[in-house]
Every structure is written in structure tokens, then in C-alpha cells.
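Chain lettering (A, B, C, D, E, F, G and H) follows the sequence in which the chains are written, and residue indices restart at 1 in each chain.
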Amino acid sequence: MNREKLIHILEDLASGKTDVKSTLHCLRNLPFEDIGCARVDQHRALRKGFPEVVFGAGKSTEQILLISERIVAQGGPLLVTRVSQEAGDALTERFPNGCHDRLSRTFHLILAPVENLGRGMILIISAGTSDLPVAQEAALTARLMGNRVEQLVDVGVAGIHRLLQDRKLLDEAEVLVVAAGMEGALPSVVGGLVDRPIIAVPTSVGYGTSFGGLAALLGMLNSCASGVVVVNIDNGFGAGYAASLMNRREHT
Amino acid sequence: MNREKLIHILEDLASGKTDVKSTLHCLRNLPFEDIGCARVDQHRALRKGFPEVVFGAGKSTEQILLISERIVAQGGPLLVTRVSQEAGDALTERFPNGCHDRLSRTFHLILAPVENLGRGMILIISAGTSDLPVAQEAALTARLMGNRVEQLVDVGVAGIHRLLQDRKLLDEAEVLVVAAGMEGALPSVVGGLVDRPIIAVPTSVGYGTSFGGLAALLGMLNSCASGVVVVNIDNGFGAGYAASLMNRREHT
Amino acid sequence: MNREKLIHILEDLASGKTDVKSTLHCLRNLPFEDIGCARVDQHRALRKGFPEVVFGAGKSTEQILLISERIVAQGGPLLVTRVSQEAGDALTERFPNGCHDRLSRTFHLILAPVENLGRGMILIISAGTSDLPVAQEAALTARLMGNRVEQLVDVGVAGIHRLLQDRKLLDEAEVLVVAAGMEGALPSVVGGLVDRPIIAVPTSVGYGTSFGGLAALLGMLNSCASGVVVVNIDNGFGAGYAASLMNRREHT
Amino acid sequence: MNREKLIHILEDLASGKTDVKSTLHCLRNLPFEDIGCARVDQHRALRKGFPEVVFGAGKSTEQILLISERIVAQGGPLLVTRVSQEAGDALTERFPNGCHDRLSRTFHLILAPVENLGRGMILIISAGTSDLPVAQEAALTARLMGNRVEQLVDVGVAGIHRLLQDRKLLDEAEVLVVAAGMEGALPSVVGGLVDRPIIAVPTSVGYGTSFGGLAALLGMLNSCASGVVVVNIDNGFGAGYAASLMNRREHT
Amino acid sequence: MNREKLIHILEDLASGKTDVKSTLHCLRNLPFEDIGCARVDQHRALRKGFPEVVFGAGKSTEQILLISERIVAQGGPLLVTRVSQEAGDALTERFPNGCHDRLSRTFHLILAPVENLGRGMILIISAGTSDLPVAQEAALTARLMGNRVEQLVDVGVAGIHRLLQDRKLLDEAEVLVVAAGMEGALPSVVGGLVDRPIIAVPTSVGYGTSFGGLAALLGMLNSCASGVVVVNIDNGFGAGYAASLMNRREHT
Amino acid sequence: MNREKLIHILEDLASGKTDVKSTLHCLRNLPFEDIGCARVDQHRALRKGFPEVVFGAGKSTEQILLISERIVAQGGPLLVTRVSQEAGDALTERFPNGCHDRLSRTFHLILAPVENLGRGMILIISAGTSDLPVAQEAALTARLMGNRVEQLVDVGVAGIHRLLQDRKLLDEAEVLVVAAGMEGALPSVVGGLVDRPIIAVPTSVGYGTSFGGLAALLGMLNSCASGVVVVNIDNGFGAGYAASLMNRREHT
Amino acid sequence: MNREKLIHILEDLASGKTDVKSTLHCLRNLPFEDIGCARVDQHRALRKGFPEVVFGAGKSTEQILLISERIVAQGGPLLVTRVSQEAGDALTERFPNGCHDRLSRTFHLILAPVENLGRGMILIISAGTSDLPVAQEAALTARLMGNRVEQLVDVGVAGIHRLLQDRKLLDEAEVLVVAAGMEGALPSVVGGLVDRPIIAVPTSVGYGTSFGGLAALLGMLNSCASGVVVVNIDNGFGAGYAASLMNRREHT
Amino acid sequence: MNREKLIHILEDLASGKTDVKSTLHCLRNLPFEDIGCARVDQHRALRKGFPEVVFGAGKSTEQILLISERIVAQGGPLLVTRVSQEAGDALTERFPNGCHDRLSRTFHLILAPVENLGRGMILIISAGTSDLPVAQEAALTARLMGNRVEQLVDVGVAGIHRLLQDRKLLDEAEVLVVAAGMEGALPSVVGGLVDRPIIAVPTSVGYGTSFGGLAALLGMLNSCASGVVVVNIDNGFGAGYAASLMNRREHT
């Protein structure tokens, strides 16, 4: 351990085993050196309570397989996002017990039953059918991280009654994730109805001046409802992850 | 008149009073020349059913007074928008019967009672208190152009119930103008409730990523509700003007 | 129907068939619950006077077929926009009486003759040949919604005479839709000529600094002509829809 | 109360005091009408667990005073953000027991001791001295909403050791708010160290390509650390509010 | 003069007054050195046919006076653009024969009658009253550079007849400068009418989505009319300068 | 021809072959009607001195062929820009005497020798090899429009000596077209050397922050050299066209 | 000094003056703790070879004075950038031996002669007079950090000969800093002439589409010359700092 | 040589072999003419110390081969960047001794052993696996230019300990290149740790609001760490080149 090592070094100096100069050299970057001998992935699980998640976009299938195998070897669970068809097939072949979900473009593999770590329920709301992949990615991430998850779909603001009739579900949620494209107004409306944190996820659904989700993002950042926080465009994983942290019963 | 003048020219040629060459020269741009002798302002009132409106921003008080006097001389009504305090004072001094409205930063002067030219009522909705100047400019414009106008204030989407309780007013409107800043989501919600055209006016209310109204503008252009059309940021006048055209009983 | 159902519930209470408690339960959020157990689309037709329109982009052919069938089952009319060749073929196979218009990339199916609901004629103007798909989408939408529609093509501002010679058509229109790409100047010129509302549709036609229609959009939002309102880039459907609302003889 | 009123109406019908028709009329849109006759602010406190907060920017001192008085009259607490010197002076004169904090540009008034409603501690971190006003606004908001708050200042990423030495505080926090301008990298570094939700607040501190906080905002939205969520530029209030919701022991 | 000086040096060598070595020293990188030890401005007049023009913005009054004096000392003409009131007063005091034009914010001083160097007439068109300062700067620059200049004002596209009636003037122009703000559509319309080069000058006139002239700039760059070229926003000087080069009878 | 046709109509009236009424009918809005019943292109040739040029992008091969045939039928010359391989093949098959230039992606067909209409030489400069297609489009356009054209390639500012050694060619040019991508600095450097108008063409050559030519465009618009005017990104045709107008000996 | 202090602590332990436990306490996270209880700046001087520089913008005069005093107390040198007139006066009053340079808006105070630490000369080039403040900030920073600095002013690309005649100075420089606004082309031209690293500093000099230095920034990032690196807009300090690091004879 | 030629010309004049006029003509652009007769590529190697590097993007395989052959013919070394698979195959066939590196998409060929020209080691750091291609391009460029290069991979800020444990490598580097996508925070953290120049390379790794590397670029330009300079997005070559210039022992 760090502290022991430090004591050891100082005792060597006190006892004359080393001199000031070499101790000085030794102390220079000490607090970090020790951390270095741990494994990257292991360490993240320790620090963050969940192992590294593989972002599949821009990685070759070979790279994805390699990293996945290391995570599985350390006990998982394994979650790969932005999985192409090719990578999904390769992962399925390599891990036949895993699940390749085409809608959310994820692959995951659980090596042990997921324990419920949450205080309450996470509600994932999507404004339209086309926002479903992002919502699904959030839902899957939250479930893998030990949360009870409910979903509400196709409740965009142009038909506000669809949302209002599920008010009970809204009120029961501990944390809400709201995925919406186009004008991204749904989080504001939901935010006006509940007293729980809302994670708004802009999606790239839209055309023209939606600018690939920018309009939705700006709408959400400027929400007139309090309690709305925002993640990157199409970042369902990030929303599910943050929702899990918010819902977690206790520190890891 | 144009047609008479044209006949005249041709008769001169037919009767030998002129020759082909000079007639040719005379005909070159004929349809426009005639229009030229009319007055700019008069002509606009003829073409558009309302005289030129003075956009006060970027004009000196002297220029504003000069143009205003010409419009008044031709029977008005006079409407000046974006009036500074200084210009408003000068206009009030020059036209003591006029009205300088500080909220909407307009000055107007009616020389004859405004006749109701509309089919129904125009409803002007503003999301927050800070959107009122823009809404007021729209309301005043629409009233000056001969419309019955109602207003609904402070009904932003973060408290959707405030809007829903005035549903009757929404249903009665022939045309709706909705002014909102920040995320600009109100037109979408209103658009989901009524079957009349909605003119969305983004306002520059907000900060940070509102980018001076850009977030609201994008939100409105990407509205998932059908029947929503958009004007420039803070363009209350344009919204009131367009609403008037939509509400007008018959062609001018 | 909604109203009938509500009356029925209340009559049951009045006649003692149910008690206050169960009626109370039944009425909780009634206006929404009722809609919930009915179909989303039905309700929209009630509220907006036209059933839900299927935005085909980003939906799988299966999803499009599924939604289309539900709309047709409820009496239609069916309108699908942004139809890919594949989806168009599938729709044609499924609804042989429907029409797949490749130019506007729409599919529509009418189950009953379209009744003329409009006060006058809607004129759809397109600046160039390449703007035709957007103009056509607007025209088709407006026709399906019960309007008389005329079209004027290839009358861009670089040859202003082409527009001026059809001035009579301009004057007859009750509402005008103007689709233009590149600098998007046509709505301003048209707006200076007529006293009716103009719905400007920026198109993504252009290159370089047209930025996918942004230049045209900004041009239209900054139009110096009054009475010009704007919809999203390439949103022919939205323009046709809004024009229909403006032209509609009476509230639905 | 709402429910009581509804029961009353139904009992009247059940007992024959009214008939179906008038009850029907009475029920149309009922859930909102009732809210309408109550106060806007009251309702928000009910729905969200905290009364309306006054956003002072763009409101006249008179408007701020007026709204503040209504909130105080209903028991407060009162929180006004973006308070100008002039408005602060007027508020201080009107509410001598209140506190005008010049650093965060807020005014608040507590009418009753603030009860601790939180599960744990909220840690507010600011990258540089210039980010302090935003951090302070967040801290003040969170304290007013019943949370224990700690602050860590001047721990920007260019001197990462300053942050690392306070690791214990980081680990103890239930929720973290991180305010940073310029490149906005601090939330990513903090996010890599803790397993709790992090609310990143971009500040407008910087120049040139900071574009008024846009660089920091983009940095935070693209954070490679999981669990980071973002609010609008300089939105210290929103961050403090959201942190309160995340830290709250139970639903209001 | 530069050329004379060069001839002089060579004649001295030819006549034996100097030797090769000292001439060599004198000529080292002659085109530059000479300019270096002489005046920057002289060389520009040689290369470009007009002395350096002083861009007044961002320079202190002292700097402006200093540079102006050097230009006047070398025979002028002197043209200072973007002149503040203070700088204008100082220049007027220093050069009582000069002219401080407040509309175009320029100061100029002619030391000798300006010779007409142009092939024909340069026509400067401005869309609205607010575009006049920019148009005036262009006109003044072109006149100073030896051109016959005509101006056409307030002929925006919303009243296209105003432009068409001056078609004759359009046809006579050798080069046209068109200044317009807002949607910047005027150059396109003019460009469709004439067969001469058109220099489009976007102005910062407008608000909201005009983005300080960006909308006009984009409109002009995307002009569907051929023969339209563009300069920077509000760059009246640049337009007048380029028009002069295009109109110049022969190379300088 | 148009003018001949008009003279003919008037002569018929003068000679009594027709009467005023039928001539009147014939002349109704003559400049337009004539164009209407004849071809759009004819009129443009009259107004602008060159027939319509076909912008091939976004047009089907069928549309391109159709329009091309009409232009050829009226005497041409035919110029089609942005020609795809497919369209180029179809055009070549249809017009075997035409020329499909793959570098500039143009197709042209001359039916009569091109007469030199210019005062001097147009010099087309390109900064790098990748800018050649745009430069070539400009050169070809200018040649087709009756100009003597010279080209200078690969003379980017990173090797300024390459440009300087061709100074003589620079000095001889009547008009210069400078195509450059990346930072687009070449027009500034050229502009400092000559006293003739320079048409700067930003190209989309580059990556990352070149943003598809935006960096070059901004560089050119902000050129510190006077006499530089700008066209749209990659608009070689527009540059060649404008250069032709500037170089033209006399009005058409 | 920090290093001395550390040696001292260790020597005390080695000589038995303290024991392991108290040394341990003293060293706990030494690199940080020391900084924490001592001064932030000390550590930076150790790590970076230069003490913290005070960025004056957005800090109150009181804050600036406070921080400055701490830096001076530790031996300086003191450098404050973006100094307002007020702050400059206060600093001058507090440190009468310091120098408030109004051009570069800096204040500095040297407590000991600056030792030359550089391998060669740093050349600071500015394109125009208005770029001088930024260039001066760079020069002053580099001088304070122990470098020989030369400056070259007003050598913009529109008069390329002005640069070329100082070629010798260019060749002698070890590192070059080039400050330019508007199109920012100068670093490209310089980059083509030398074989040393060039730090390009975009300045906010310009108007319209210069967008506050964005045009210059993009130009520099897209430079076709190799060896050009870029800093933030107007970041003269950063350029001077980086140049110092590049020129430094050996590691600190 | 230049000087000799100049002396010769002047001697001719002194001796009467030529007259003033022809000498004048001859001297006009002399310093450039001479440069002209050298080869472009040769000259760059002379000026910059490294031959022209072929930017493969946007060039045909034929063009790449042609240019490569010329460079090889002059002794190389040859470096081609952005090599497509096709171009890489063709280059490999033509130069079997060359190396096509698929990761960095480069091709290079060394004709002679690369001499170490650097003062020390260049350290190339990449934040994530996906940034490797850019880092590799930088490393390869630096090695080809005669530098000792070390690499550090996958040390993103979300796991700051990974970086800290390699602190020794950081301290040894003479120049550091840091490639990072997403929020681009790594250079700031590294910049806080070392006293050497850091070249930050934003990569296009990311999605949504990373806007193709813009977020990373802005983060790096706004770095709160001194000594960080920036190159274009994905410009690994530029970073390696600049690092080489900074590391070079002496002027070429």
C-alpha cells in the first residue's frame, strides 16, 4: 500500500540506508507510481463501481473482441455500445451467451445475476418512435447497472395528453431519462410535472435545422424547467449511466 | 393608367404620329415606368393593404420624424417599431394624439377608427413575463390592422396546466401567435391542441446557449406539431402582420 | 366517441348504476385516459382535423407498414412522407389503390373523395427545377387536406419577369407557399406583390455556403417583406399543412 | 383542495342536485381550472417541492419586487438570481432580513429555518477564481433547498495535484457540481475519480474561442468520463437545483 | 517618385557618378529596400494605383493623424474610413480643407482635382435607408479614385417596381455596387437584369437571425444570378475600390 | 431573335397589317410574354449576353439532356457544370461533337467559333493541385464566353517565390481569378501585387477546420488587400462568368 | 524555495532532528500539501519554470492586488495581463518599480535581473498596426521569461515585399511568433520561408466576417505551410510563453 | 547565383553595354526570377530542411505516383499521407522498398538512413485507442525527420492515474505531442505537469456535439495550461513536423 511504502522509504532514510538525494528522487511522483501497477479496467471498476464500457464506434471488430475478452476475463459484466452488425455477429460468435440488441446497437454479457442497487425506479421516456434506439440504450445500461427500469414511448409534446395520462408513472420514478429529437421540448414539460432529476438526451432525429440533434440539445440546455440536466446527442449510454449513479442506494 | 397609356402609344404608331423606332424605345420598360410615378408608400398600401411601417432601429430621430410625417400626411395609420426613448419623445411631441407604448417600444397614431377586417379573433400567447414586449408588439400591430386580439401571458411549458386551463380561448382563436424564448417549446404544445395556424415568434429571452434566441428559433422550426410557422427572433411586428393577413375576411 | 363515453359514465352515476367513488376513479384525468384507450391517431384527427401523417425517414419499412395499416383501418386518408424506394414499393404492394409519387417521395391513399374545405386557392411556387420535390410535397399535402391548389414553377428571382407575368395567379391565391433554395430570395419578392400570407420553405438546394439550406432559411427569416412566415428546411409537408389551416373555411 | 372539490361535484350529481349536462360542463378540463384559481407559485411548490425562483435578468426592479412580495407572502423561501445592484438595493430595503450576495448576484430571504432534506453532502467545485460567482450561486441554491454543501475552489486541471489532495472530500460527496470555464476539462477529471453523479456547469470565463462558454460546454458534453451531466452556461442555480433533487432523501 | 528615383540611381551609375559596388548596395532587394527607407504608401500607389487608405477603426486619433500626415505629405489623396466623431474632429482641425462625411464615417482630402480614369459610370444601389452609410462609403471611394458615380437608394426587393422603373440607369452602368442587409436579395434581382459585374455588399442592417449581416452575406454568395461577386459585411470601401479597378480605362 | 420579332410586330402595325387591339394583346407584358411562349434561355441571352448554363448537380440525366437539347436547338453554346460520369456519358452520346471534361466536371458544345469579346487576358491562378477542378471550370467558362485565358497552377503561399517569378503574367492580366482552399491566403498576396480586380474562389480543399471551404471563404472575405471580391465555395463557373463580364469590351 | 525546503526536511530527518512520523506527516501528499499550505505559485514555478501569471480580465482590482502581492512576496517576477486602466493604476501605486505597459495592457515587476535562458532569438512579427498590442504582450512575456526578442511590425501579406526585405531576421530567429488578424495569412507566408517553428496568434482585428478573430484562427489552423502551430485568439501571452519553452536552452 | 547575376547586370550598365532603360526593365522583379529556375521541391528542402510531403487526400493515384516519383528521383525521403488502400497498393507496387502503414494511412520510403537531428526525445501521447492513427502519423513523421520518438497510449483524463504513473517519460521529453478527441482535455493536464512545449492535436474521434473534432479543438485552444499550442483537427503530420522543428539541434 501507498502509506506503507512511504513509511518504508522514510525509515530507510532515517536509518541511513539511503541518502537524502536518492530519497528525494524517490519521492518525486510517488502517489501516482503506486496506482500505476493496478490494471486500467480493474481500477475503473474500483473507482466508479462499473467496469469500462466498450464504445464500439471507430474500433475494429478485432479491437472490440480483444477488449471484451479482457473485461469478461475479469468478471464483467460486458457492455459494448455502437455495435455494428459485423461486430455484433463476431461478439455473438465469441460469447454465445451474450445478447446483441439490434435496436439499441449494443451487446452485453452478464456473468452473474445483476443485483438491484437502486433506491427506486428509473423511468426512460422517449418522445417518438425514432428516439427508441437511444432510449433503449439508456434502459439497457441502467438495467445492467442494477436498476429497476420502466419505459414510456411515443409521448411527444404535440400530443401532451399522452404524457399526462401516465402521470402516475412519472410520479413514481426516482430518476427520469427523457430522449427527444427535433425541438427537444419533452424534458421541459416533464420537468414541470415532477420533483425528481431529469436527464435529457437529445437525439439526432430530425432534418434540416435540427442540425443532427443540435436544436434538441439547445432546447434542453435552455429548459425553463428546473432539475433538467443534459448529456451529449444520442448518448443513451451516458444517460443510463448517470441515472444509475443518481439512483444508487449507497456509495460503491 | 397603364393600359390607356399603352393604347395611346400604339395608336400613335398606327396613325403614323411616331415611327417604329421611337415606339420600340418607348416600350422597353413600360410596365414599370408607370408604377414609378406613384408614391412608394401609397403603392404599398395598395399592394399590401397597409401602409409602410417604420422600423425605428438604426434610423435617426430626424429620419423617423420625416418618414412618419409623410405617412401621416397620406392618412396613416402610422406605426413605428423599435422606438428609442428619444425617438418616442420626439414623436409624442410632434404627434400629441399618438401613443408611445414603452413596453413594446412602439409608437402609433390612428387618424380614423380602425375597422374590424378579420374573420375571427387573434390570440397572442407569451411564455414568460420577459416575452411580453414582443407579444405586445404583435398585439398592437394586429389591432392596428383591424383585428380583434386576445392575450394570454405567462403560460410556459414548465407549468403546462396554466395553458390547458385556457383551452377554450385557444379553441376560439382564428390565428394564434406564440412568443417564447429559452427553449421555445410552447408553440409545439399549443400546436398539438388546436387546428388553426400558429405563428411562432422566438424571443431573445435567455442566456448562455440561448444564443440570443437561436435556441428558441431552432426549437420552433423543428416543431413536431403541424401548423406551426416561424418568424425572425423578436419579430413581434412580423407575427402580428402575418396573423392579420391570415385572419383577413377578404382580399384588399 | 369521447363525448358520448363521458355522458355515459355520468348517466350511470346519475341513475345510481355506479357510485361516486368508482366514478371518481374513472374520471381521474379522464380527458386523457379516454384518449389512451382509444387510438392516438383518432384523437389527432379530432384535435387537428387531419389524421397523423407518417414521417417515413428513419423508420423501417415494417414500422411504416404497421402504422399505415392502423391509419387506413380508421378511415384515412393515409399520407406517408420521405418514402424510400423500398418503402414505396412495399406500400404499393400493400395498398394497390394508393399512389407512390417519386418526385415528392410521398405515398398516399384516399378512401373517400376529398371534400373541398378551403376558402380559396393555395398557390405553390418553386424557384427552380430542383425545388420541385419540396413544392410537390406541399401541393400534395394541401390537396389531400381539401384545398384547391395551383403551382408555378421555375420563377426564380434571377429572371424576375417570369414571376411578374403570372401576377394574376399571385393575386388570386388565398395563401401562397414559396419554395426556394440557394439565397431564398423569392418569398421576399412575392411578399412585396401580394396581400396574402406567404409560407416560405427553404430547400436544401445549393452547395458551398448554402450550408444545406441554411442560407435560404436565414434569407427568408430576414425577409424585408411583411407577411412572410417560415418552416423548416425542405419541410414541404409542413408548409402544405399550415397553408391548409390558413385556407380552411371553418374550424373543424 | 382539488380532490375534495371533485368529490363535491360528483356528490351533487349523485344526489340529484345537478344534472348530467351541467356536471359535464363543469368537468370539462377540470384538473386545470381548479389550479387556475389557486396561485401559480403555490402550485409549483406542490409539484416541485420548492417555490418559484425569480430570474432577475430582464425584469425591472418593480417586477422583481412585485413577484418577490407574492412569494414571501406565501411563506417563501425567496430566491432571486441575477440581481443587479439596483434591484439588490431595492430588495434589501424592502426585505431588511434578506441577504444580497454580490458575488453570486443573488438575493434570498428565509422565513423559517431550512430543514436538511438531503441524504448526504453536495460538493461544489470551481476551476478558477473567476468561476466563483457561478459556483456560489449553485452553493446558495443548494443550501436554501435543504442540503449540506461543501466547496472546493481553484482546482483547475492545469494543476491537477490541487484536486487530488482533496480526494477525500470528493469521495464523501453524494452529488458533485463542477463549474469551469475555458476548456471545461475539470468535470472529466473529477468524473474519473468518483462514483457519484457530476453536474458540470460551463462558465463564460475565457476569451476568444471560448465563445462565451461554448468551448467549456462542448468539452463537458463530450466528457470521456461517465456520470457527467451538463446544464446551461453560467447556470449555477440550475446546477444547485438539480443537485438538490439528486440528493433529496425522499419525494416531496 | 519611386520610378524616378530608380532611374536617377541608374543614371548616376551610367554617368559614372557612382560605381557598381555602391549601386549594388543601394539596389539590394531594391523594390523592397527602397520602399523600406522611403514610405510604405508610395509603393502601394505604384503597385495598386491608389495610396494606402487609413482604416480608422481600432486606431487612436493620434495614430490616424500621424499616418494621415504622411500620406498628405506625399501628395495624397487622403482617405480615412470608419472615422469616429473624435477622430473626425481632429482630422478636420488638422486638415481644414478636408471633408468629414458623418453618414459614411469617412474623412477625405483631395490635393489635386480627381481625374476621371473610368470607362463608364459606377452605379451604387442601396436596398434601404439604413444601408446608406455603406453605400455612401462605396460611392465616395469610387469618386476619389476617379470614377463617375450614380446612386439609387431605397429600392429593396419588397417593392420590386421601385427598382424596375430605373432600369435605364441599371443598363447604363459599367459596374454596379449593391448594398443590402437583412436577406440581401437585391443583388440577385439586379443580377438578373444586367450584363455587367455586380459587387454585392452585405450590410449589418437587421436583427435576430440577420446575425450582423451573415444572412445577407450568405444570400449574396448563393445568388442564383451570374455575375455577382461579394465583399465583406459593411465593406463599402472595398466595394468602391474593386468597382474602380473594374471600371478603370487602363492599367496604372 | 427577340428584338427582331418585336420590330416585326411593330412594323406590321405601322404598315396596317394588324390593328392596335391585336398588337396590344400581343404586347401585353411583352418582355415577359415573349419569353413565356418562347424559351426562358433566349431571354437570358438577351439580358446577360450568354445563354442559360445548366447546373447539373441535383438534376437527373434525363432533365439535363432535355434542357441541353433546348439550348442547343437555339444555337447554344451549351455549358453543363457539375456533370456526373453518367450524365457526361449520356451527353457525349447525344452530342458527339461536345466535350466532356472530367477534371472540371463540365460538358460543353460549341456550335459556332467563339468570338473574342474581351479587352484583355483573364488569368486563372490555383493554389494547389487539388484546386485545379475549380480553376478549370472557371477557365472553361471564361473561354466559352469569348475571353483569352491563361492559367497559373500550384503557386500557393507556402512557396511565395513560385508566384513572384510569374509576376509578368500577373501584371498583364486584365482580370484575375484565384482559386484556393485551406487557408485561402493566395488572393491576398496576389491582391497586394496587381492593380486589377481579383475574383477569389474558395475551394472545399482541406480537412478538419477547413469546414468544407469555410476557412478559405472567410480568409478571402477578410482579405487585407483591396480589390479582392469573392464568390461561393467551389464556384468556378461563377468566377469565370464574372471575370468575363469584367473583361468584356462593350455592353451586349 | 520548494526544492530547498524539501531537502531541508529530509536533512532534518537524516540528521535525527525529526523522526519518521513527523516527517511522514509533513510529507503527506507532499507535492500538494506543501503547495496547499504554502503558495500555489511556488509549485507552478517548480513544475513549469515560471511562476503563475495573473490573468487580469474578470478579476477585481482587489483580487489582482492580493494575488500580485503573494507572487511578489515569493520573489516574482510578477506578470499581470489584461490589465484595465484602473487595475494598472492600483498596481503602479502598490509597486512603484513595476511597469504598466498600456499598449499590451500588461503590468510587470522584476525583482532580479532576468537571466537569458534561451538558445537563440525569438522573433515577434505583427501583420498590422492594430495587431501590435497582442504582439507586444508576446514580446514582453518572452523577455520576462529570459529570451532575446526582436520585433517586426506592419508586414502584412498585402505588401509581401515588406516581409521579404527582412528575410535575414527571419532566418536568424530560433522561434517565430506571428500575430495577424483579418484573414490571418501571414503565418503561412512566413512558414514557407523558414525552417523554425512558428506560433501563429490570431487577433480579433477585423470586422464583419472576421467574427472576432475566427477567420484568422481558421486560416492559421488550415495553413498550407508546415511547422505552424496556433494559440487562442489574442493570446499574446500564450504565444510568448510557448515560444519561451521552445527556445529554452535546457529543462528547468 | 543571384548576387553574381545582379553584379553582372550592373557592370553591363556601368560599362555601357546596356542602357538605363533595359537595365530598369531587367531589375524589375529580379530577386524572384532567379528563384524560378530552381525546382519547387528542391527549393522547399532548401528552405525548410525537408522535401515536400504529399497530401494524398483528393489526389488521384496517378497524381500521387507522379509526384512521388519526382521526390524519390531527387533523393527523398518520400512521405505520403492520407493514403487510400488503392493508392497504398500502387505505391507499394511502384516502390517495393517503401512501407505502407495502414494504421496511420501513410506511405514512406527512405533512401538513406535517417540521421538523428534532434536535441532530445519527442513524446507522442494519445488519449484513446481511436486517436492512435493520428498519433501514429505524428510519430512516423517525426521519426522520418530525424527524431527519437516515444509513444504513450490510452491515457485519457477519465483515468488520470494512467498518465501520472508515466510521469518520468513526460519529464524526459523535449517536445510533447498530445492527440485527443472528444473533450480534448488531455493537453491541459499534461501541460500542467511539464515545462516543455506541447503540441495539441484535436482528433475527430467522438459523436454528436464533438462536431468532428471541434469540441476538442476549442478545448485545446482554451487550455488553462501555458505552453500548449494547437494544430488542425486530425493533423498528425503537422504536429510531427512542428515537433521536429522544435526539437532540431540546429538550423538547417
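The rule is simple: a residue touches a chain if its C-beta (ideal position, glycine included) is under 8 Å from a C-beta of that chain, and two chains touch if they have at least 3 such contacts.
Computed from a predicted model, the values in this text were never measured in an experiment.
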By Cα centroid distance, the chain farthest from chain A is E
Matching G-H in over half of the residue-numbered contact pairs, the equivalent interface among A-D, B-E or E-H is A-D
In whole angstrom, the CA-centroid distance of chain B from chain G equals 54
Taking each chain's mean CA coordinate, chain D and chain G are separated, in whole Å, by 39
Multi-chain contacts in chain C, i.e. residues touching at least two other chains, fall at 29, 31, 159, 164, 192-193, 208-210, 214, 217, 221-222, 226, 232-233
In contact, pair by pair, are chains A-B, A-C, A-D, A-G, A-H, B-C, B-D, B-E, B-F, C-D, C-E, C-F, D-G, D-H, E-F, E-G, E-H, F-G, F-H, G-H
Chain B partner, complex, touching residues on chain E are 129-130, 154, 159, 161-162, 164-168, 205, 207-210
Listed in rising order, chain B residues that touch chain E in their complex are 28-29, 31-33, 35-36, 40, 43-44, 57-59, 63, 202, 204, 212-214, 217, 232-235
The chain F residues in contact with chain B across the complex are 6-7, 10-11, 13-14, 16, 19-20, 23-24, 27, 29-31
Given the complex, residues on chain B that touch chain C span 31, 47-50, 53, 171, 192-197, 199, 217, 221-222, 226-233, 237-238, 241-242, 245-246, 248, 251-252
Chain H partner, complex, touching residues on chain D are 127-128, 156-160, 164, 182-185, 188-189, 191-193, 206, 208-211, 214-216, 218-226
